[in-house]
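Both complexes shown next keep chain A, but they swap its partner, so chain B is in the first and chain C is in the second.
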Partner chain A sequence: MSPALRASLPFLVLSAAIVVVMLLIAVRRDHRMIATVTAIGLLASLAAIIAAAPAAPVAVTPMFLVDGFTLFFLALVLVASVAVVLLSHAYLDGTHDGPYDEYYLLLLLATLGAGALLASVQFASFFLALETLSIALIGLIAYPRGRAGAIEAGIKYLLLAGVSSAFLLFGIALIYLDFGTMSFAALGRLWSAAHGPTDIYAYTGFAMLLTGIGFKLSLVPFHMWAPDIYEGAPAPVTGYVAVVSKIGVFALLLRYFVLMDGYHDPSLLRVIALVAILSMLIGNLLALLQDNVKRILAYSSIAHLGYVLVALLAGGVIGIEAASYYLAAYAVTTIGAFGVVAVLSQQGSLHDTDRLDAYRGLMWTRPWLASAFTAFLLSLAGIPPTMGFIAKVYVMTSGVGTLLIWPLAALVIGSVIGLYYYLRIIVVLFSPVRDAEPLPPKAGVSWAGGLTLAVLVVLLIGLGVYPTPVIALAHETTAGLMPHQKTIHTAEILPTR
Partner chain B sequence: MMLVWLILIPLLGGLLAWPAARLRAAAARWVSLIAMALDLLVLLLVWLRHAGPIEITGGGRWIAMFDAPWIPQLGISLRLGLDGLSLLLILLTIGLGFVSVVISWTEIGERVGAFHFNLLWTIAGTIGVFLALDLFLFFFAWEIMLVPMYFLIALWGHENRIYAAIKFFLFTQGSGLLMLLAILALVFVHQRTTGTLTFDYFRLLGTRMSPSTEMWIMLGFFIAFIVKLPAVPFHTWLPDAHTEAPTAGSVILAGIMLKTGAYGLLRFVVPLFPLAAIRFAPIAMLLGVIGIIYGALLAFGQNDLKRLVAYSSVSHLGFVLLGVFAWNALALQGAVMQMLAHGVSTGALFIMVGALQERLHTRDMRLMGGLWANMPKLSAIGMFFAIASLGLPGLGNFIGEFLILIGTFRVYPAFAVVGTLGVIAAAAYALILVQRAFHGPPRDAVAAPDLRARHLAVMAALTVAIVYLGVYPQPVFDMASGGLANLQTATHGVLKLAEGDPR
Partner chain C sequence: MNATFYLSAAIAVLSTVLVITRANGVHALLYLVVSLLAVALVFFTLGAPFAAALEVIVYAGAIMVLFVFVVMMMNLGDAAAVREARWMEPKIWVGPSILAILLTAQLAYMLDSNTMSQPHHAIVPARAVGIAMYGPYLLCVELASMLLLAALVGAYRLAHTEHGRL
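Let's turn to the complex of A and B:
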């Protein structure tokens, strides 16, 4: 088997799974079977990563590069997708709004798009992968057709995806006009030879590119869509949008930034620092005003993307490692938090259980679920012994090493603000149940949902207490993205005597 | 390995106590008591069994040490060390742990399992703070002790508990993040000079850096610790947290958790940043003196008994701040003694207030008076600890304050003189407490029962402790001197260079 073929095995397995699921739907509509096959397909793709790893890094056509970086994040995306499939099965089973089978098809397609995004080293493949992801997501978001909120969210996402794609395309076209290449690496060489963008076209192009990516990552000031769509989409899909699509786009941004050698462009760094600071502060501040758990989590995810941007700004091996660990922690935590919402959401209702009031006294009525939710919230707040804590420390470590004073200050202030609204949810969870209110019917938790949450909690605390395996893995895989150890260019600022 | 058990036992005890409460509420209480007893046993074993002191170059002598890799990529290890200072504070922690379990026996009636889980986890976190010699591990433990304390206040507290709990958490967590930044900055400065990334306390001692860098990093640590201590102007969380916390929460908070701030100043701020600490000492001591006077005045003005005791803590810990930054043998011994004595006496006062609240359903002194007639035992004990708190000779607090003032007088006489005024103010608030609550004509014929055997036993133990500290403090000094010598060897060389310093 040629190295390129071997390295692309995970993608091939994933594509095969899509075809198999499509054919199975044509033969027999059976929700449980389709969900099982989807999960198996994702797990098989995950297993294929192990087979692909020795072949990496290898270029698969000029458009894709499969290296440790790709595979690390692909594994993350696949694990998150499996969790979403398991949570979705129980969630959809209750809506009585079938058929559900195409849902899994869309989920697989979106995962393939996100995976391809991770391997893209060129604008054409980047755009192709992004569209595969976005279009599948539109379908997923609007999947429960009986819900007005879901349809609204779907249409909003459609418009947003269209607008941001337009920005991206026009930006890419302008850059191509100036440099005459679509490959990130070639662009990076031309760029550093020319010492930055040469003229107004290139500047505009890069600005539009960043705008498009900012939309996808819902960074401030491109964040307006996130709360509405998070609220309207079905809870498992919200988790998917918040995790898989963002990891895909962020990893691409990271690769692009490193290959372009963006670290030598102070103006670009300043713009990204500003976006990061605004995301951390505004995301957290707006979350304070919400009374809806999904909206709170939406704003909190805006802030979290701001935190990861700090790691991106820091750069160097430690910055990439920090971003990798952070995204892993973010994935586990966010899927878990939305998973709790999904598990709690009442069967066949028109809304998810997302009003804060609905969570009152959950600790005393459903202690296991509430404990898990508390753990996820503490992780989001960055409190030990969870992954969120190590992740935040890691990001701060990378930031202190490169003296990113203002982003770090925003990170600290943002974290303290964040603490307030996470604690607010926790307080509600622990408040005594009001006697006057009728208790919500205690629906049992499906074994798949319960198992997924249990595994996520174990990961959250296990890797929060002993993070070494993930850090070692990130060190071996993603850090290879850095061409060489970055010399810290701020050495003069901190005198050592 | 024994040191790890010291932390693990309360953690496991907590995990066991939660489900145990499903069987019977008393089961959770017994599990907690047994966990504390085992922990005490382990501590005594470590103390008595050690073959000989462990020498650490540049770090002094240690009773026991543990080291294992944790996150090698970042130079983080599980490094624990026990010296005289940590031993005394852990002894205090375990002792007050016992006390907290016993006094909650009747006070906490609902969610007993969860309560003991949180109690034991707070204690475990605190022990971790006193043992950690890796800065990351220290921060980890520092955070671990916060969350359960937050729950203790937020779930089992009084009327305004949510506000108090959130305020407590935001203050400590916000300052904690500052400390994390400072830790990371220190680690990076160290990495830049030596090329190794490490969070190890001993390796970071004596890191060379420019005076302004040292000052900034020192301030990051300093603020985190004086928020916890608490010193003016960061004390505002304390009266709220104390007032709203359940009795056991107040005892743990005042008795142990405030000491982590003082311990941090002793263990980290001065040894790691000796030059900055010397330069900063006048300001720190000024804050201490302000705390002494201001805390005492506010305590005098309170009607709420718990608030009174809380503000008196601010005043007492002002002495500790003074003693730490005087940094000579006398003042440091005084600071340690003050920490122990304050833990015992304030713990006892909070128990007394808690007992009153359980009986009278109020903490307002305006509604009390003449309690002596009804509850002679409670009142007598209350008066005893109020007097201990004002620093009567023969009791522990006196020794602490006296040594701190003498030690301070050698370095900064002015601060010592003003600090002495605080002792007078303490007499005022302590006596007014006794006067308003216990003496005078009885307000109503409240037929409230006096202290029962369980509380009496606890109070008796605390009384013995405070008298022992006051009458025969020498064993404590001997024990502490080992630990304090560790700290002073770390700063010795540097301080010698600082010209004209009377230390």
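Let's turn to the complex of A and C:
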């Protein structure tokens, strides 16, 4: 088996799973069977990563590069997708809006798009992968057609995906106009030879590219869509949008930034620092005003992407490691938090259980679920002994090492504000149930959903207390992205008062 | 050469604006056909005749005509016949026709003056496109098939009704 074929095994297995699921749907519609086959397909792809790892890094056609970085984030994406599949099964049954089988097909397609995004080293493959992810996500977001909220969110996502794609394409065209290449590495070489962008076309192109990516990552000031779509989409899909699509795009941004050697361009660094600071502050401030758990989590995810940008700005081996660990922590925590919302929303109503009032006294009526939710919220707030704490410390360390004073100040202030609204949810969970109000409806938790949440909590606390395995893995795989001879100039460029 | 490029680009932009501002779906589709033809001409002036041909055959030809047919076949009946008679008033088809005639005149001019052979434009033949598609872009083509599958499944789910009829 050639190295290229071996390295692309996880992607081939995933594509095979898509075809198998599609044919199975044609033969027999059976929700449980399709969900099981989907989960098995994702796990098989995960297993194929182990087989692919020795072959990496290897270029699979000039469009894709499978290296440790790709495989680390692909593993993260696949684990998150398996968790979403397990959480979705009971949730979809509760919507009473079948058939449910195409949901899994769309989920696999979105995962393939995200995976291809992680391996892209050229604009053409980047764009195709991003579109595969976005188009599949539109179908997933609007999947419960009976719900006005879901359809509205689907249309909003369709329009925003279209607009941000237009920005991306125009930016790519302008960059191509200036440099005559679409490969990141070749672009990086031309870029350093010319000492940064040479004229207005390249600057405009990069600004448009960053705008498109900012939309996908819902960074301030491109964040307006996130709360609406998070609120309207079905809870498991919201978790998927928040985690898988953002990991895919962020990993691409990281790879692009390193290959382009963006660390030597002061204007680019300043812009990203500003976006990070705004995302951390505004994301957290707007979350204070919300009474809807899904909206609070949406704003919190805006802020979290700002925190990871600090790690990107820090750069170097430790910056890449910090970003990798942070995204792993973010994936576990966010899927878990939306998983709790999904498990609570299995009553077939037209809305998810997302109003803050509905969570009052959950600790006394459903202690296990409330404890899990508390753990996820503490991790989002960055309190030990959870993964969120280690992740934040890691990002802080990388930022302090490169003297990113202003982004770090925003990180600290943002975390303090964040503490308030995370604790506010926890206070609601623990407050006594008022007699006048009906108890939150009590539905059984499906074994798959319960198991997923339990595993996520164990991971959250286990890897929070003993983070070495993930850090070592990140060090072995993703750190290879950063060339060793590069020294970091961030400190000289950003204001360091 | 430059003049033909700018004229077709201007027609493309103008007709696309008209697509967006038309209230009636069929009128918008007529302008959309013109817009796609103008884009095909832009490709042609840039030295990509194969892409131009595909644009005409696939988009303006197959997909748009299908759109027009589907829109016109919806809600058949007396009311529809009256409506269709109203659609065929001159002020409806004059606009797209003028733009289309302009495009045809440009095409005739370019074919006549043989501008394709100008040296500063490398012409990409169909052969080169095929070699690129089955060479470095092979996996992108495969990924595009997955993209289309995602779009198909998503559209099927959203359009599918309880009775199983589209």
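Note that in this section the second predicted complex is superposed on the first by the 484 of 497 C-alpha atoms of A that agree within 3 Å, B and C clash if a C-alpha of one lies under 4 Å from a C-alpha of the other, contacts with A are read in each partner's own complex, and residues count from 1 in each chain.
FYI, contacts are C-beta pairs under 8 Å (C-beta built on N, C-alpha and C of every residue); 3 or more make two chains touch, one makes a residue touch a chain.
These numbers were taken from a predicted model, which means no experiment stands behind them.
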Partner chain(s) touched by A:Met63 [first = chain B, second = chain C, both, neither]: second
First, second, both or neither for A:Ala116, with chain B first and chain C second: second
Contacts of A:Pro3 with chain B and chain C, given as first, second, both or neither: neither
First, second, both or neither for A:Tyr420, with chain B first and chain C second: first
Residue numbers on chain A that touch chain B, as the complex places them: 321, 364, 378, 383-385, 389-390, 393-394, 396-397, 400-401, 408, 412, 415-416, 419-420, 423, 427, 430, 466-468, 471-472, 475, 491, 494-497
Chain C - residues contacting chain A, complex: 136-140, 142-144, 146-147, 149-151, 153-158
Chain B to chain A touching residues, read off their complex: 70-74, 111, 136, 139-140, 143-144, 146-147, 150-151, 154-155, 162, 165-166, 169-170, 173-174, 177-178, 180-181, 184-185, 187-189, 192-193, 208-210, 213
Complex interface listing, chain A residues touching chain C: 15, 18, 22, 60-64, 102, 105-106, 109-110, 112-113, 116, 124-125, 128-129, 131-132, 135-136, 138-139, 142-143, 145, 154
